[in-house]
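What follows is a set of structures for review.
Note that subunit A is present in both complexes that follow, paired respectively with subunit B and with subunit C.
Up next is the complex of A and B:
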């Protein structure tokens, strides 16, 4: 039973000591078998399950999570949402995603705090200026609203920025006005609540340890909570995709590395928009709570550590202080890492796999959060129809064999 | 108010600074917090969301309430500075934050009236209708209300520094355990870095009335420090916080180089160190826990360890009538120390039925605190004893909720602390735990929060084992100092 969130419900809660709220999502016992099992209860996995139910009427679904819901990269990212990519295939899925974010709070009846305050990507070298002018034109043709703005407009929108940085002056920026951030945990919780309301099972602390198959087709998974049968399997586990693929008997062209971030103490509003400074390498936004949320780089070596390193603090903070000298007065509260799965062309993989009935969604690399709704939409379509739809089709595994790359190494933002 | 004859401050050197535009006089050796305690100022901040009046809770870097803005002559501002860490100097100017128009009259405190509607997570359930209002109205209002201090709006031109250091052994914390570890390793010939976040070594020995080897704690510390300073292989780094444990025996350390004096153009404000040391001893001690009861956040409610710290280190007490609450012998230690200093203790409220009788104060055995009064400053404590409830007069309530060992660094590579029912605390993970920090040994004092100082005397062999383990790769033999007694 789901209680609708409304002003009336809130008043009722206040008058009854907030004791009447139901659980946001149920915690049922696993059944023996489901039509679809989604591995991974992060944003992408939950969105896949949600759109399976909403768009395709498939609700006999379990979402399996080895840890706690949203505890992987969904809880570790810097919450940026944008769709200013270069290639048509990318823009299509990222813009679909961004557009879905616009109405997500109302659709889920759960405030995910999508905040389209604008994202700017600073051009601090002549090469970046040319690159972003090209992106702006590509976006125009794709119907994605972006434009290249002058240093003066940058300064107006970001009062704390120093344009004449000693090494890398700000020469302009690629500006996407309807991009921004969302409350990352709320995205996972909102989808989970909606999935649970449709009768889907979200099984936390349920780690997949093996994939079962029968005559070349998936028949179920082995988990730390027992074997569970299924007709179709969706693997949506970001950094650990390689391990799941191994269980399913195939290999993936991805590398797993740790991407790091840090966050400051909360201060009163000083920066309203999201700024990415890719040349000095750091990106930041100010959360609604007032913290400066700062993204760093990816580790230069493959690992699964999920933790921060000394040199990333130093490099990222040094880079940002050069462009935002005021930030040196802030103390950093936390530093952390998330394991991201990188492909060679920095574009995701949404694909059928060599194992029948098994589909994989991975390779979002350093920028998966923004793609959650669109990724879930496209993945659900593929699992429901047992074939990729137009959004997913360009992102099949075969592109690595055929050399049909979707090169987004610039638009991906993070240096790898 | 100040207590005559107590404290390690230099009463011959008064220091004048400003708090919210008002002149306050402290002494060399004071922090902003201790000077404000001595000055009788209890209200120093406002809570983040409900803007409830808040006072100083602790005597160290764990302070959650007394966060201030430090103002500099050129208009530069450092927000969220802990008053318990910021040392006073002539001309220092600090200002309360997150209040409007003033600390005493904060209109945002209206949030407290609507607390029932603003419960945890309420924002996920509301602010969705009509859709356009989220970005047009609700979110801008939320953003304006959030945050604590302010940035200045001016580019920071001050110098900062980074540096590197190497040692055989890093000792983290210069309390009694860390001092002994550094001494043992130093005498054995190891290259040692002793890092202490405080401006002064000694840890809890500065904050308690304890004797070591027949000497007052601070004198014993001075003796050990003199020997350490004379060793060319020992480097003492004060005002230096170890911030992180990283791969390859690397440690991040932040040194407050110029924050305790007037800004100077050539002096870096802070220095970020990368310390490389294959072995480290964690001697960061423990933090006292607060106790949960209604309205336990009023200005005047302080940790018992802080009340003793202000008394012994700074010769200051925050009030004239002090009540103490805790099911812990430290509650009674606090009362004894206050009585000895001539401060009135109105009651020690101890939930234990067999609580010790007070000497010079009244013990309320089997009683608990169930509420407080005094919005801008504590005036009384509501006590339930058996079936009766009554008010106890107090302008300070010291709470002793037991101790949490500072285990954080031992968890920086993924290991989890281990709950120990006997110690009633989370203890550091063992060296073989998955994700344990290689080479890091937790010293005895960080193990047992129940009596941070005494445990050393209880088990000096534990310290010997710890240092020996930490130095096991070294070529030198171990020559430990003689067993000491407290």
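Up next is the complex of A and C:
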């Protein structure tokens, strides 16, 4: 039994100089063979492994990670969780995810600091007003609680906002009261701890360098820590999906670009909701430490460097300062970028692949963190049953050939 | 900040003067093309972590389209060339070794191919 993080344990730790804490997850040597190998120990990969064990009883699982656990986009996002999407397929998986986040701390017995503080998406053009009214009605039919609120209510909930433009006046907002934020590292660590407790192997510094197959079916992977056999393979590597797909012998409708975010110096509490302004490509929330967390736009060109273009930060901050004048006095502390995988219709891919026994989960683009539990749930179901379940089925690779897009990028309601 | 040289008008400028246009050298799928070929043309991309051939437009300059070879791992622009080129130029297909000293001496010295 793993040590719990109870109040008593914390007191004991404080009295003993915090020297007695055990590792949160084990660091075993790789076995020769596993039933399932998950490539990528970010949020999505770990959630996939966790729900394979929890929902399907498959615990002969290894999660391979080329760097350190949660060191990719899981550690590089703005931690926003919401499910106010327009299309039914997206709404179903993101709402499943948001609902799982609500009980995640209890389920994992690990505080992921889910804070359902409410997410507000500003309508700053007439087009956006119409778009969000439509989304609010779609959400009503989907059973997702959202509503369109007036500028007065926006001002009441966000005192630091300036409503009257001049360039982009606030004309209203789409409000999802049960959306919010969570602690990104804790989500990865909590899942990792639960996977380790079920006997799964989490292998860090283990980069996959090749995929082995036998008669059209996956038989294992080659890694920097030797060859490992497997019966089924789940590729969950976000920006680097293209390389893994190439190793497995197929191509993806994915391009990798850099998405940036930045945080300010910490200030006293001034905004207790998340505000997204999609017209100007900026979103803002205040972290528990008091930093204003600002998410920006993605670059227009392929990039694997985790460094974005300077002018995107400038454009994001310039636009946000107009709506939040107090930001102009803040110094920015840190800026970073993550490699996000963008698909043709800006919706994710959860799909079987041309290689038998190999499944891929990618294309979450600029919005993967919010989807971690739901994506893991759906991916585990697909890997366990060797067929996509109802959550994953609409997100198959074949939709690009069939022209059956889940078109969120032009349907309003997403920050892409 | 990327520095690009427009092969049409010869101007070297920062990336804000240009607009990116996605992967280059795609073979257009015409009428009667099978679904596989159309999917490959329309959606599937190599997305390399290395040299990427891509389209750019000199949006705030001469307005013309051109092609560039750029490394997505280091952000170095290896060269730009005419949009009338159908195949990726062989001399730009591999990234030369990084010479940090030369970069420091002349940061904008990326000459057109």
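As a convention for this text, the second predicted complex is superposed on the first by the 407 of 416 C-alpha atoms of A that agree within 3 Å, B and C clash if a C-alpha of one lies under 4 Å from a C-alpha of the other, contacts with A are read in each partner's own complex, and residues count from 1 in each chain.
Keep this in mind: contacts are C-beta pairs under 8 Å (C-beta built on N, C-alpha and C of every residue); 3 or more make two chains touch, one makes a residue touch a chain.
Values in this document were obtained by computation on a predicted structure and should not be read as measured data.
J.: Could you tell me if A:301 is touching subunit B, subunit C, both of them or neither one (first, second, both, neither)?
T.: Touch status of A:301: second partner only.
J.: Taking the superposition as given, does A:344 touch the first partner, subunit B, the second, subunit C, both, or neither?
T.: Touch partner of A:344: subunit C, not subunit B.
J.: Using the superposition on chain A described above, determine whether A:243 touches subunit B (first), subunit C (second), both, or neither.
T.: In the superposition, A:243 contacts subunit C only.
J.: Between subunit B (first) and subunit C (second), which does A:309 come into contact with in this model arrangement: first, second, both, or neither?
T.: It touches subunit B and subunit C both.
J.: In the superposed arrangement, does A:254 touch subunit B (first), subunit C (second), both or neither?
T.: second
J.: Give the label of whichever partner, subunit B or subunit C, reaches more residues of subunit A.
T.: B
J.: Do any residues of subunit A touch both subunit B and subunit C, and if so, which are they?
T.: Touching subunit B and subunit C on subunit A: residues 305, 307, 309-310.
J.: In the complex, go through subunit A and note every residue touching subunit C.
T.: 240, 242-243, 251-256, 299-305, 307, 309-311, 343-344, 400-401
J.: Flag every residue of subunit B that touches subunit A in the complex, lowest number first.
T.: Residues 48, 76-80, 98, 116-117, 119, 122-129, 131, 134-135, 139, 142-144, 146-158, 160, 162, 244, 246-247, 250, 252, 272, 274, 412-414 of subunit B touch subunit A in their complex.
J.: Going by the contact rule set out above, which residues of subunit A touch subunit B in the complex?
T.: 5-7, 9-11, 13-15, 17-18, 103, 105-106, 109-117, 159-160, 162, 183, 186, 189-190, 265-270, 286, 288-290, 305-310, 313-314, 321, 325-331, 335
J.: Looking at the complex, which residues from subunit C come into contact with subunit A?
T.: Answer in residue numbers: 1-2, 15-16, 19-20, 22-23, 35-36, 38-40, 42-49, 52, 54, 70, 72-75.
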